[in-house]
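One chain, chain A, appears in both complexes that follow, with chain B as partner in the first and chain C in the second.
For the complex of A and B:
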């Protein structure tokens, strides 16, 4: 297979095209976000380059016929919701994965029950939860009914990440700690947690980004106080303006900032682990 | 050395019974409890509720819990709903076929032709990066691409391929399909590339030494070994496409109604029972699709 130079070139060119297909719309969107405002529409040609729509998103543009995006409060809600979801689903995922390190009766039932959470389409869960809330007389809020569904969605991802981490985990280190008389709690804090920390970080990243962008589960369950994705969905019905594109570019930059923080934390934790093992070796020597 | 070891084990063994033995014995059940409870209350209960409500009586402004089959009869005797069901199935099949056809060559390149692990990772990350833009924004980004004055029409006109802009690109079923393929194709590429990269090189070398042509090697070795990846990808794509409603809302100008759109509209007009019927139908379709896909390949054995 590896001598097929011709086929290799064709496939390489195809892959380049494929990646262009993935990025194409976003590039067009980024270009159009610099459209002149407020007259310029969300299409070519660019009348004049300007930062108007960025100012519009940030609320510092002069008032015009285009209503500003209701993002201030929605963004705060989305961030709080994503943070809470991240904390709860990472804890649940870690606990469950810890339990799965031993074989137990009913493990495949529990496994599929959890995986179901990421498989069931959001619109069905949102509908079901809205029905339950309606009948039980519970008000639908982003911090209540929407939040529990976000955890239902992100917890399976955290669980799978932690399961993969525990599969590669050398249990003898923990056993050594226990047999030296260290309490399970201290063992977890001093031995287990530092070892699984990179996994926890990945699970947190997964949960945060999934929840931050989550939308079909939130649509029926958030009530009148919207999150960012619901606010964007609200603009679908009416005419769209380049301010959405500017907003898209800004949120993408925000995501990359988040990813960078994750990368730095990851690198730090790897370096600290390396430093610690060197320190241990020196102590032994 | 041996003596000290047994001493320590002895001490640890002695201190253990002093603790609450029930907790110690059932430690993993205690660990499982929060997660399982959460899923039972917030996942299973809403789904059961949906099934239950689909049999309730729907009046213009309210529902009450008298059991009836009326909503089911209405659903299946209404052209709009049956059409939406058929359209959902058709779009799902087309998107599934296209994500496979478009994704497989890329996965083949990444998994089999790129030998360097770093380059492999870079290519896969390059495929995943767009996911850090909000899903809805990515869908909306197709509008300036496909519209009458969109990028595709402008480029085609410039090169003289067409003399008039094609207006069928946006606000049609085609635009919904294009949008969905672009958003979901990566879920096909990832699992297939993963399975392809795991194929043992010596297998392929052995086949070549025995005189198999590249085509035979692909047909008899590479493709069958990539099938579990195809199944996982197909499950991902199916689950997401069948439950879709945002892409069709954004790119079809509400002209293409999928089952998901029906649910959203019915909830909007407080027709809870109809929404529940559509939801149950969607669940059944999805369960059948996943069960069918799992029949093709035994995933637990392959992964």
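For the complex of A and C:
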């Protein structure tokens, strides 16, 4: 009994430490983002609480010696890039996982080939891509060379998520559909896809977030029009101001918003299916 | 005459890519409205055969005919069959009603007709109270009936059932077994029913196909299968038979004699006399219900055959008593009798006993040469 209590204490302390390390950096950053500006710096103590740096990020603060963050266009690029990467990687990952439901000749080789995309160090891949582009005379752009690498990087994650989903998927449900006279294509649309949809949502989330804050691959391949992580890194070279922290807080809130949308979509997909069946019965009645 | 044959298998054969032969030489003709059961140990090829009929498994060679049309290379969705799976394969994202309607909706039938047919079958199978529920809210028996309703609503020519009672508890299995048989009779629909349980196969099938190691061992009506096995495998697998091994001494059309360690035994031969010759290994098969038991020393009846042994154990189960009898060091048989038949006969573990039976109850079987 006593030993058990001791163990519980140790585990509780461990959990507390874990949470401290997980949220600590963000909490410190969030507090410092309310530092007085423009004279207050990225350190304690807080001179006075203010929303100056938030106004600064949004470009509504009075002009001062601190240059505005060069993020407007970079943010748009990052969002477009993350969205496109999400769409392509999720489709590719789902189709590949579907192909892997049956063992085919060389399937394990192809498996490791795909997984390589997330295993190879990003710096190497970015540098290599830059060299290839240089040799082949392909211009380095965020929507070209960088986009390709984002897909190479996120596609294995989507693939693995969908592989896990299909692993638990009971194929007899599809066989039942075929045996009712439903073609394989319609079966995929009406039976398979609705059943794997939660997995598809997770794959999309993975692809989007991984692409959105991807750094090393983008650094070497995006060319002069940079994405948001590169733009932020660029400001470090000069001097760090709390406006960066304010931006960090806003970005994190954006991520939470995405997660909320994900959660709502999940709940809706369950509820809509129920509502549709009731609606269908009423419609026919 | 051939018009009422619903299903015909001609030398059906399945070879897996690795070279494993799952099924071979399967010939079968099933009449319209017949309930045919496939039974055999796991891995015998019964489910593979069912899946070949359903179109879920490709046919390596041979022909599959449904109502005289060749369906050998036709994909599953174009076959006039419906399949009931062991795990029911309910669509989890649809309600009971939607599950049943699905097969009709993709056929683009008018919604009034869909409603009429779905409501009718839901009513017939007593699923009305759960029509709006999803899989998670259904009990085992309800899932079973839903799977049936979903298959039947599309009006297939043949219903294929793959161990449909396997996931139910024993009591439910018994009652659904009866329901299923009744339903099949009312509909007059051809059922192909796969099971590993001989009791299900024997009680439900008009005819039973016994399979072993990818081959058909016997196709017979249940009683014939039970009393006249055609191979040593069937004799061991079906019923509770006492089997005494020996070598074939003489064989005529209606009577064969085998020489055994316990003397000559005769019975009706079911083997191919063209292939099994004198001196070949053969077995006398006596269903345990047909074996009488008494203490040694009683008057032996001239019209009965029999052997002597030693009683080793009595296992009463209610009115029935299972008696184990050691014939020699290599052979112990088990027979079933009633409590009254034993009382006052001086039979107890350790006593010498005499087993007897009518020779015409015996079947002589032999392995195919």
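The working rule: the second predicted complex is superposed on the first by the 268 of 285 C-alpha atoms of A that agree within 3 Å, B and C clash if a C-alpha of one lies under 4 Å from a C-alpha of the other, contacts with A are read in each partner's own complex, and residues count from 1 in each chain.
Keep this in mind: a contact is a pair of C-beta atoms (placed from the backbone, for glycine too) under 8 Å apart; a residue touches a chain by one contact, two chains touch by 3 or more.
Computed from a predicted model, the values in this text were never measured in an experiment.
*Asks:* Of the two partners chain B and chain C, which one touches more residues belonging to chain A?
*Replies:* B
*Asks:* Please work out whether A:177 is in contact with chain B alone, chain C alone, both, or neither, and reply first, second, both or neither.
*Replies:* second
*Asks:* By the touch definition at the top of the document, which applies to A:195: first (chain B), second (chain C), both, or neither?
*Replies:* Second partner only, chain C.
*Asks:* For A:186, using the defined touch cut-off, is the partner it touches chain B, chain C, both, or neither? Pick first, second, both or neither.
*Replies:* After superposition on chain A, A:186 lies in contact with chain C alone.
*Asks:* First (chain B), second (chain C), both or neither: which does A:85 touch?
*Replies:* neither
*Asks:* Which residues of chain A are in contact with chain B in one complex and with chain C in the other?
*Replies:* 178-181.
*Asks:* Which chain A residues qualify as touching chain C in the complex?
*Replies:* Interface residues on chain A, with respect to chain C: 170, 172-173, 175-184, 186, 190-191, 194-195, 273-274, 277-278, 280-281, 283-285.
*Asks:* In the complex formed with chain A, which residues of chain B make contact?
*Replies:* Interface residues on the chain B side: 5, 8-9, 11-12, 15, 27-29, 31-32, 34-36, 38-50, 53, 102, 105-106, 108-110, 112-113, 115, 123, 126-127, 130-138, 140-145, 147, 149-151, 154, 182, 185-186, 204, 208, 214, 217-218, 222, 239-240, 242-243, 245-246, 249-250, 254, 260, 263-264, 267, 272, 275-276, 279, 282-283, 286, 290.
*Asks:* Quick check: in the complex, which residue numbers of chain A touch chain B?
*Replies:* 1-2, 4, 7-8, 11-12, 14-15, 18-19, 21-26, 28-29, 32, 42-44, 92-93, 95-96, 98-100, 102, 104, 110, 113-114, 116-117, 119-125, 127-132, 134-135, 148-149, 151-152, 155, 159, 178-181, 209, 213, 215-216, 219-220, 228-229, 232-233, 236-237, 240, 244-245, 247-248, 251-252, 255-256, 259
*Asks:* Touching residues of chain C toward chain A in the complex: what are they?
*Replies:* 54-56, 75-79, 81-83, 85, 87, 89-95, 97-98, 101-103, 106-107, 111-112, 114-115, 131-132, 134, 147, 150-151, 154, 160
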